[in-house]
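Below is one structure. I have some questions about it.
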Amino acid sequence: AAPKLGIVYDAGGKFDKSFNQSAFEGASRFKKETNIGFIEVQASSDTQAEQVLRGLARKNLDLIASIGFAQTQAVAKVAKEFPKVRFVLIDGVAQGANVNSITFKEEEGSYLVGVAAAMASKTKKLGFIGGIDIPLIRTFACGYAQGAKAVDKKSEVFQNMVGTTAAAWNDPAKGGELARSQFERGVDVVFAVAGGSGMGTLQTAKEKGKLSIGVDSNQNSLYPGSVLTSMVKRVDNAVYDAFMQVKDGKWQAGVTAKGLKEGGVDWALDEHNRKLITPEIEKKVLGVRKDIIDGKTKVIDYRVSNSCPV
Amino acid sequence: MNNNDLPRWATAFVLPVLNLMSALLVAALVIHLLGEDPVDSMRILINSAIVNPEGLSYTLFYASTFIFTGLSVSIAMQAGLFNIGSEGQMYFGGLGLTLAMLALDASLPWWLLIPCGIAGAALFGALWAFLPGYLQAKRGSHVVVTTIMFNFICASLMNFIIVKYLIPPGEQNTASRVFSAAAEMPRLNTWFPVLGDTPLNVSFLLAIAALAVYGVMVWRSAWGYKLRATGLNKHAAHYAGVKISSMIIIVMLISGALAGLGSVNSIMGSTHYLSLNFVGGAGFVGIAIALMGRQHPVGIFLSAVLFGALIQGGFDLSLEKPNIPTETFIFIQGLIILFCGAMENFYAPVIGKLLRAKG
Amino acid sequence: MNFEDLHLGSILVSTVRNAPVLIFAAMAGLFAERSGVIDIGLEGKILASAFVSAAVAFATQNPWYGVAAGVAISVALATLQGYVSITQKGNQLVGGIAINIAMSGLTFVVAQFFFQQGGRTPDLGQARLFDVVLPGSAAVADLPFIGWLYTKLIGGHSVLVYLAFALVPLVHWVLYHTRFGLRLRACGENPHAADAAGVSVEWTRYKAMIIAGVLCSFSGAYLAIVQSGFFLRDMSAGAGYLALTAMVFGNWRPVYTFLGCLMFGFFGAVQIQIEGVDLPVVGRLPGSLIQMVPYVVTVIVLAGLMAKSVAPKAIGVPFVKSR
Amino acid sequence: MHPAVEFRGISKQFGAVKANTDVSFAIAKGAIHGLVGENGAGKSTLMSILYGYYRADSGDILLDGQVQPIHSSHEAIRLGIGMVHQHFMLVENMTVLDNVMLGAEGGFQLASQRAGVEARLREICARYRLDVDPLATIHDLSVGAQQRVEILKQIYRSANILILDEPTAVLTAQETASLFEILRLFKEQGKTIILITHKLQEILDITDTVTVMRGGRVVGAVETARTSKEELANMMVGRPIENNLPRAPYKPGAPVLEVRDLELKDDNGVTLLNKLNFTLRAGEIVAIAGVSGNGQSELMEILSGMRLPTSGQADFQGKPLPYGKRHDPDGLPREFRELGIGHVPEDRLRDGVVKNFSVMQNTFFGYQDKVKNRWGLIDFKGIAARCAGLLREFDVRPANPDLRIGLLSGGNQQKVVIAREVLAGPKLMLVGQPTRGVDIGTIESIHTQLLALRDKGVAILLVSVELEEVRALADRILVMCGGSITGELKIEEFDTTRIGLLMGGMHKS
């Protein structure tokens, strides 16, 4: 029989222009290919996450995908109560024999786009715009800066955060304003990791004739000719794979960290940014990519010691 | 037209029910336009928020927090102060509670630990309200402005504290560690298993007690009398010997403490850890609840339950009816506030006419 | 030393660019509140007009239709608020808050219904309002200071920015030097006196609400079709409340209110600039703490410098003919 | 010739209260017409109907023989009706000029008109000898001046029918006299004037005809020349009014209050009270006479603890009042009250009561900490029992303890305040303007209460601008002018002219 599947988004909701949306896309791809549907819910608070996980678990679902680190504790708790139900947790690590925790090596993907940015930049001044100042966002920033400095030690990275409340993910005006301010300080490539606010950043870059870098999904097509590349984080693949594995009976619990090697993160090169990526840049980025995959280049994860080397 | 002309039963029951119906009617229209069956939707909504014991239990769980934030806004309003800062005060109260837990949860038994958490929440909530209160009393700085500012400041500060100090090493989640089991507020389902596996806990009883204390203090005590006099006529209050500036500071401290207590339900009663943005707008909902409930204990209780029911029912409904996004219920909340809170007398002329025609 | 290095230039330009959202909304609030109606519903009106402006601009591919539609929805909401506060004599705070909450939900639901992009409207592309290039910009662009002043600070903004700045003297004039303004202020201070002088309090307040609706809509339009180029759920991000703060801060007077708006804009820009910079004495402040700069400054200014703010006396009280 | 105004069968009901019942009478053109009656008789209601503020349930108003449906003040103004309300209808934070222009602006643009209007106002002021600065802000003006602004407004609008609702309640004798001068000027110009007042002497002084109302009905209409105070009083109250109330012989006891070098300066350093010295003994009423705004209010505020003096001291029963080293008077009134100082404030609506509290809740206002039961809560049972007696004893009408006090007439609100302060058993009683706006029947009962208090040995300090009242109550009189005491008289020496001179600041002892 077809497996019963569920997906629980966190407070950002499935249209957050970020990992929730990516998860939704992965699940949708699965549905399209297999014709197997899934239940989807948004949990707006941590309490609700527990409530909805338990509610779904009671329906004896085969797999519940929990999106976002905010559900970590809820997954850990409910997974213990329902050992027969399988859980996949995105972006967080929860213990349990029936839990597969998937994290991403955001630093690796960010490193790549940092390399690309530093090479594309004429001023060697790069911008980074994050949503809220939290370790996850810092990880992006840190990887990005490492990549940039690897290309040119003197390159500078300007960092700004949009805000400190949930509104920070939905404030494109501020996202755009931060970009403008960075441009005025000489920045010519900006990496936006700020959900909906990042849309304002990309838009402003386009308007000001500067380069931007998208995040999570491939945002190259939003402003072709202006989006240098995107740091894709394949939450969609993670969800898709998990659903597929359950369908095929190959699902396994555990903790997976998906980096470049595992196809969890990557940079995006397609027809929309083909013209921006010179052969030089492409060669360099691909080289670095290979080095990271081979373990020759180590990218430091901000979260390990809560500090960034550069 | 004045609703004083209507008998009490009409203003207390008929009008609110008509207003609620109107709001739901508009809501039904929107649900219909979204392509779902309004009648069926309402049935699901009511069933999962009120009828089903587990749903009701969740409704009351959400209501418990709202009662505290509603009380927080209400008590300040009694003194003529519009405290928009309950959001930040509850957030900061959560910090107080968490610090107490992190320090003590390994060493104290539950019956000492829980009071410590409650005290920490109240203390920090009050602390966060102190400065706006002080500035209003001594410097005349408008409390509306300062409390809005303090909400923003609190968000930044908490962001900083949580990220920098409270996240356990190696964790992704922007939250403190989980407290020990001793720090869990006893759940009501231990005594009433019918409530199911829900977080409804002793905080609900505390909320009810707070409502009662609030009612007695405001309307029966000399302090409440002075409080209301201050809110209604500052000149007269001064004449009557009220120390206006200490009254303002004290009432803001109480208001902040009440808001802080809202975090007890959310944290000790449910998640058992402090996370970023855990307040999630409960402080702002408190404003709506205080206004809709007319700063009256019964009114606050009913409004809080109504909002709790909307969250719980709406959540279940969006699960069953995928075409209805959760945001629809935010819209419906707005409608209910509009009809029941602001246009309370909309039907008074009609009812008045009907009554007169009859008798 | 190069002027641009100071970053002050960048801060000033950013201030000018950010202030209009607040200025429009604060001036809207000023009209409503000087007439005696508390307008805590600015946020909802901004959001609604931002959505409608963006949606209509996209559908018609003409930003001006978008602006017009934004005006229409905002005026409709203001009228509803007026009906609740003036005719129904309901609680004005409740009415405003209801509108804020309802619009936060409704704009998402409708945007999602029509565009299926998660509560976002499609990108406006060419249907945005673009920046005005002042005549002669090219000629002076390279001059030191003057070039910056003319092309960046004064020039190079959207029409709505100029409208916002022009609005301040206009509002001042209307409020203090016209018949309507006199009546408006009288209704906000002592509606009984206005009524006894033969002024229709209700009608004056309705007019004030309608003007508030119009002005507020520009705030939303500016957000959506100038600054962002699309609508996004909850994109007003508290601008309505900040505008209200600026107004209280400015003692319900147009010029001071305007200064309050500039102050928010200015310290917002300062905050952007000092993020990640090593400051004297304190060193490098963490980003999350820097976010509080504008708010801390406001509290300090309010507590330290300002005299007591005096609200219009009759504010929030429905006009009922009896004592 | 048609009468200027004619009421035909006007009735108006508020809820269950019949404010006006079948009121009919006419007022001739060019006449000054008096309208008298007890508090709550329906005078203001009737005038509000004429001015379009309320609409009558039935009946017609005829102006110049024409039935005129007056739906709004706007329309009344258009028909040439002007009204000076009992409570001033002025916007406090605006200038006189703007207040006059409000509703009578010449066009959309004001800036260009202001100069012209200002010139006209100056001209009017000169002609009618009104002392008003058009550019002054209202809240800086004394009550008398605000009253003149109201008059100015009506002259500017050239009202033909002028309604004055208790205009003299807050005026001094001189101010009243000059108001009457203006009214006579109006009359000469053929304007019709309706004057409501509780002071029967004024009716006799200035009106041509009088209508008396009681319980919403017209109970009498007479020509002024053919009537007397006694007859009018009798018609109003339904019984004769006693003018000379009985009092025990003057036997002052020990000093209760000794004021020494009391001084008050405002924030700008302007002297408001100038080294006051006086003594008040048990069992005497000392009245402070003077034009309002000469420091009486400030003195009362200081003695009741609502305000701190700049220097000097006041001894109460031999001990200095605790002004101490305070920075603000927060909470001080309570300490004073506990010492035994009662205070009937001048502005009862601002200070004396909370309008939204019930009558009963206002009966212990200021004494809230003394009415606790053993649980520490307010003892509502005991209060209710006490309240019923109080309402009866002080004849508060309606004697409904649960009514919002704001709904009571001013006179009845005043009775509640006086009852509250009297029953607290003070040793010193500060009384400010106790009968402002109160009808003659009520005045009689308030005066009786105050005298009884004196006879019980309480020291009473009375501030009143009514010389009649001063004469009726005082044992000794202090006259204040410009913050100084300009003279002292015994009651036997009472002499209106001399007091008038002292009030004007002429030292002549």
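Just so it is clear, A, B, C and D label the chains in written order, and each chain counts residues from 1 on its own.
Here is the rule we use: contacts are C-beta pairs under 8 Å (C-beta built on N, C-alpha and C of every residue); 3 or more make two chains touch, one makes a residue touch a chain.
On a predicted model such as this, the values are computed, not experimentally measured, just so you know.
Novice: With respect to inter-chain C-beta contacts, which pair, A-C or B-D, contains the greater number?
Specialist: Result of the comparison of A-C and B-D: A-C.
Novice: Calculate how many whole Å lie between the centre of chain A and the centre of chain D, each centre taken as the average of the chain's C-alpha atoms.
Specialist: 75
Novice: From the mean C-alpha coordinate of chain A to that of chain C, what's the distance rounded to whole Å?
Specialist: That gives a centre separation of 34 Å.
Novice: Quick one: report the Å distance separating chain B from chain D, using the average Cα coordinate of each chain.
Specialist: A distance of 46 Å separates the two centres.
Novice: Between chain B and chain C, what is the gap in Å from one C-alpha centre to the other?
Specialist: 29
Novice: In chain A, which residues are in touch with two or more of the other chains?
Specialist: 13, 132-133, 163-164
Novice: If I count partner chains per residue in chain C, which residues reach a count of at least 2?
Specialist: In chain C, 112, 119, 233, 238, 286, 288, 291 touch at least two other chains.
Novice: Going by the contact rule already set, what residues in chain B reach two or more other chains?
Specialist: If we look for residues of chain B contacting two or more partner chains, we find 152, 155-156, 159-160, 163.
Novice: Strictly by the criterion at the top, what is the full list of touching chain pairs?
Specialist: A-B, A-C, B-C, B-D, C-D
Novice: If you look only at chain B, which of its residues touch chain C in the complex?
Specialist: Per the touch definition, chain B meets chain C at residues 30, 33-34, 82, 84, 131, 135, 139-142, 144-146, 148-150, 152-153, 155-157, 159-160, 163-164, 287-288, 291-292, 325, 327-335, 337-338, 341-346.
Novice: What part of chain C is in contact with chain B in the complex they form?
Specialist: Residue list for chain C touching chain B: 84-85, 88-95, 97-106, 108-109, 112-113, 119, 233, 238, 241-242, 244-245, 248-249, 286, 288-289, 291-292, 295-296, 298-299, 302-303, 306-309.
Novice: Considering only the defined contacts, which chain D positions touch chain B in the complex?
Specialist: These residues of chain D touch chain B: 15, 304-306, 328-335, 337, 343, 345, 350-357, 361, 365-366, 368-369, 371-372, 376-378, 380.
Novice: So in the complex, the part of chain B that touches chain D is made up of which residues?
Specialist: Residue list for chain B touching chain D: 4-5, 216, 220-222, 225-226, 228-229, 232-233, 235-246.
Novice: Touching residues of chain D toward chain C in the complex: what are they?
Specialist: For this pair, the touching residues of chain D are 51, 53-54, 72-74, 76-78, 83, 85, 87-94, 98-99, 101-105, 107-111, 153, 406.
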